[in-house]
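Chain IDs A, B, C, D, E and F follow the sequence of writing; residue 1 opens each chain.
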Amino acid sequence: MTITRNWLAHAEGSVLVEFGGTKVLCAASVQDSVPRWRKGSGLGWITAEYSMLPRSTNTRSDRESIKGKIGGRTHEISRLIGRSLRACVNYKAMGENSIILDCDVLQADGGTRTASITGAYVALADAIAWMRKRRMCPGDPLVGSVAAVSVGVVGTTPMLDLCYTEDVAAETDMNVVMTGGGEFVEVQGTAEGAPFDRELLGRLLDLATEGCAQLTELQRKALA
Amino acid sequence: MTITRNWLAHAEGSVLVEFGGTKVLCAASVQDSVPRWRKGSGLGWITAEYSMLPRSTNTRSDRESIKGKIGGRTHEISRLIGRSLRACVNYKAMGENSIILDCDVLQADGGTRTASITGAYVALADAIAWMRKRRMCPGDPLVGSVAAVSVGVVGTTPMLDLCYTEDVAAETDMNVVMTGGGEFVEVQGTAEGAPFDRELLGRLLDLATEGCAQLTELQRKALA
Amino acid sequence: MTITRNWLAHAEGSVLVEFGGTKVLCAASVQDSVPRWRKGSGLGWITAEYSMLPRSTNTRSDRESIKGKIGGRTHEISRLIGRSLRACVNYKAMGENSIILDCDVLQADGGTRTASITGAYVALADAIAWMRKRRMCPGDPLVGSVAAVSVGVVGTTPMLDLCYTEDVAAETDMNVVMTGGGEFVEVQGTAEGAPFDRELLGRLLDLATEGCAQLTELQRKALA
Amino acid sequence: MTITRNWLAHAEGSVLVEFGGTKVLCAASVQDSVPRWRKGSGLGWITAEYSMLPRSTNTRSDRESIKGKIGGRTHEISRLIGRSLRACVNYKAMGENSIILDCDVLQADGGTRTASITGAYVALADAIAWMRKRRMCPGDPLVGSVAAVSVGVVGTTPMLDLCYTEDVAAETDMNVVMTGGGEFVEVQGTAEGAPFDRELLGRLLDLATEGCAQLTELQRKALA
Amino acid sequence: MTITRNWLAHAEGSVLVEFGGTKVLCAASVQDSVPRWRKGSGLGWITAEYSMLPRSTNTRSDRESIKGKIGGRTHEISRLIGRSLRACVNYKAMGENSIILDCDVLQADGGTRTASITGAYVALADAIAWMRKRRMCPGDPLVGSVAAVSVGVVGTTPMLDLCYTEDVAAETDMNVVMTGGGEFVEVQGTAEGAPFDRELLGRLLDLATEGCAQLTELQRKALA
Amino acid sequence: MTITRNWLAHAEGSVLVEFGGTKVLCAASVQDSVPRWRKGSGLGWITAEYSMLPRSTNTRSDRESIKGKIGGRTHEISRLIGRSLRACVNYKAMGENSIILDCDVLQADGGTRTASITGAYVALADAIAWMRKRRMCPGDPLVGSVAAVSVGVVGTTPMLDLCYTEDVAAETDMNVVMTGGGEFVEVQGTAEGAPFDRELLGRLLDLATEGCAQLTELQRKALA
């Protein structure tokens, strides 16, 4: 995985994450306001939107803007990214400001949602640094880091970060989001084929823990 | 939890699940066709749609039909229910038929998604029995059962099946879908507050395993 | 027809109306505000929304939320229910508060719109009682009652409250909404087949008057 | 009321109806097919769409195409026009052809729905004549005529065809659609203010019967 | 081309433009406010909406309101009309008021967009006169006039104002909007078939200049 | 301007165009079918879709997929790109195949529509080469090349390819699409401020001709 910071000129934080054939552009946009339901609370807000370019995939898919509706998968992943990043932020220290994370998949080859989370964290850290330089925040909103991996079982072998071909063949698919401190933020395991038992779950979590630790190190270096 | 079968006259399978203050109406509709992308495959299909009545909650919420778009939460839960029930079905034995599971929340008091899955399984079993009586299927499509619970941590105590007030206060929230044989179909854990460690994850899974076993027994009795 | 009050725990008024195979859940929601165009008028507002669950009918129909648009029939019936209930309310005595009546058809076997009106009136009365207990209204907003029946001609025989099979076979179909005092609020007659003459119209109105009187009595008992 | 036939060059039947300040353009379009659900039945189909130009009214209203949704009133009136015109057509004699009636209100000054029905009938008759000249129909689809008036009570006086100012002040508003033979196709009476009794209903129907007879004569002359 | 002023009773300015078989109804609506993004600027705003009635064309087309989305051609033409008319207005002299120009094509036989611009100018002039009579504007907002023609090449012959049949056969199609003073506001040339060279472009602009001058004269007479 | 070919792995043709601060990703997708209205004609089809990522601009804009509707500007530019590229294609030689050109603006600093056309041509050429290698086309569909520039007047000076700051200040803005042979495909000039005369139009076209010739050379080199 390579992380290129400041790929965009306008965004307060931006990262191009490349990971196998997958390329995701993560942009963090700072806004000096919060959604209506949060006004007057003194608290900030983080939200995320995920989308795939029509030809990011092997076969072109129709644009959701033209279909006029957002698909369920897009919604599900946008929500996952938002929840994951909110786990490393202190809303109070942020003040009544918002950060929107746009994760646009330019090319997809498996693992787009976990690459999005891992990259968006770096863009978020840059955006928060930008805010702090302008003294927009009453404190330091960044209370930790998050990184994400997908793990799966191909045949009977647990594997880290499946590419697209492996992903399709996988029996079980698990997305794990962890803090830099090694704790879990999200665990989403799905049996695509046969259900899995506690022992296999344990081995997948071991793999994920290891993978997230490596990504945390990569994020640390990128931000250094 | 109480499960009332055949609550509706028209549906091939239908169940009213009541669980604390939560009431979900699950209807299974058989169709002798499959979606276009599956035609000619010889395989069946299972899908689900979840929705909440506007006044199922404490404060009335606007209808998604009037807003003209489906919210992310609705999409996410509909997809979870569909994936969960597909885990107990053999598509080949089903033939080119579909079953749609409609889970409509009449009243919400926490745990609506897990109550939906647990109830929808019973409606599905009834719909499959209906199909078999009419000799619509080349084999027996039902290869197991699924049930679901939510577990969470309130303060520092892991708890099974939080009601709405506990749910709001929970630090961690986990939805677990298991087969009747005690294996995992879905594990979805989210740290709403502080991230959780492996040990706590283990305790939550223990609780969930126990809870699902009880629900499996309840389903068995209801179907007897 | 049976009327079960307080079927829902959260709503300020709620009724399950059962009538033949038809089951409609009517919920009245109180809001301490009025639509924008009515602000500052000192007057209240009543509105209604009607919807059918996808499997309330013999064949499953697609959800309007998924289609992204409200059908003409839904719109027409929602407007009819709203107009009917506004006939028994004094807006001035209500103050700048709103009541929304949600009529959700759980199961349909003919007469869903008239069952909705008849049940919604009881839910409305309960919601108004709730408001008055909290001293939200400057006066008593309830100035009468309304009930509704459908009448039709099957073959050449005028009949009250057709079930679905009769409804389909009916030559003429008329929905009549009347006050408890025996006056008309809405008369909607439609010749599905042959047009009808003044004499037949008269006989249908006689039948409707009788039917509404019985329902008014039933509402009175339910609210006693 | 004046009826100008053939106002449009392209449509198979077209009429500009002027009635007080109200101007409605009615176009009948013939299509040599029927909706999917009617294919293979040997029967024809009639449908209608009603719409108001944004500046047909005193204050400009937003276009429904820009709002992205059809309002309830538009739906209700489109359905009323369609039902009314279907009452004078024999589907079997029509063969598997459709006629769509577009009623676009260019200027509104009360009575737009009844003017639409009265004008659309003439456009329909012209379109059917056009079809018969081309031998598209197995028989004569036109089995009668329909005309419509609105009647209301201003103060305590029943009045025919209220203009906009009177309409707003009306206590009761009734739209009546009748055949040329003097029978009822639709009776839609609504108490905007006080409910009405049987005697008043009778007087309104007398007025309507008289008004429709005059319009039928006008239609006959226009088509001569 | 004939221009009939005050075709509508309610609009502040209105024109029926007829041009060959083309009939466009242009209505100018004055509003004493501006869009949100322009509030507090002291400047006015002009915008336009173009639409075709479903049966304005030879074959009926579906309503955009029913499709739920505006097509690209409609958007493109609405924007062109708006830009063109903004060229003859001084926003400062207008004050914080808006004028909306609705151009509804009742019948189409080529040149609907240029007829819309030419007619909308007259409606705009009338609306501005209406405003000035009411002393709504700090100055005279009308700083010039605009008119528009389409020119094209049929075979190898440049021609002014193609009717529909010629339009379809045209190799090149150009819409030109000019001020009364003979300067260009918009030049939109498109090679439908073979691309065109500078010399041909020149000849088309000559034709357009001549055509616009004639229309300017016509507008002047209509407004006299 | 730099043109990077094969920026994407999956698309049949793809180009990243960079031009000042502007970055547009152009992907050409081949489909072995044509839209329904063109079936059986033996002819191919070319279409284009333009879109901006939410944070391509200085201030984040909302996604059109989330708003549920395509804006007018997006529609206008998509149509312009499609028309421009259709000018260099022979539909007959293409056979019944389609190519869709997706132009996604990753970063915007003026001239995104002309950069899209210039880049999309190169992606199109690659996609056609891909088709020819697979013998999908009866002949050579590529009959020429197209390139596009924007020219404008800042103050009184005509300038080529304005960046964003200049664009905003421009009095006149013209987009010119030309073939490699130096002929015009599209000329779209708009007076944002003062209208322009024939002499200025001439000078802008001179500039554009020169600019397009340079881009044609650049395209030739990129494809060499």
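Following the convention adopted for this analysis, a residue touches a chain if its C-beta (ideal position, glycine included) is under 8 Å from a C-beta of that chain, and two chains touch if they have at least 3 such contacts.
What you see is a predicted model, and the numbers here were worked out from it, not measured in a lab.
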{"item": "For chain C and chain F, chains touching each", "value": "none"}
{"item": "For chain B placed onto chain F, the superposition rotation in degrees, Cα atoms, nearest 5", "value": "120"}
{"item": "CA centroid of chain B to CA centroid of chain E, Å", "value": "57"}
{"item": "Separation of chain A from chain E, taking each centre as the mean of its C-alpha atoms, in whole Å", "value": "49"}
{"item": "Mean-CA-position distance for chain F and chain A (Å)", "value": "33"}
{"item": "Multi-partner residues of chain C (at least 2 other chains)", "value": "68-70"}
{"item": "In the complex, chain B residues that touch chain C", "value": "8-11, 14, 21, 25, 27, 29, 31, 49, 51, 53-58, 60, 63-66, 68-70, 74, 100, 102, 104, 106-107, 109"}
{"item": "Chain B contact footprint on chain A (complex, rising order)", "value": "69-73, 75-76, 78-79, 83, 87, 174, 178-179, 181-191, 194-198, 201, 205"}
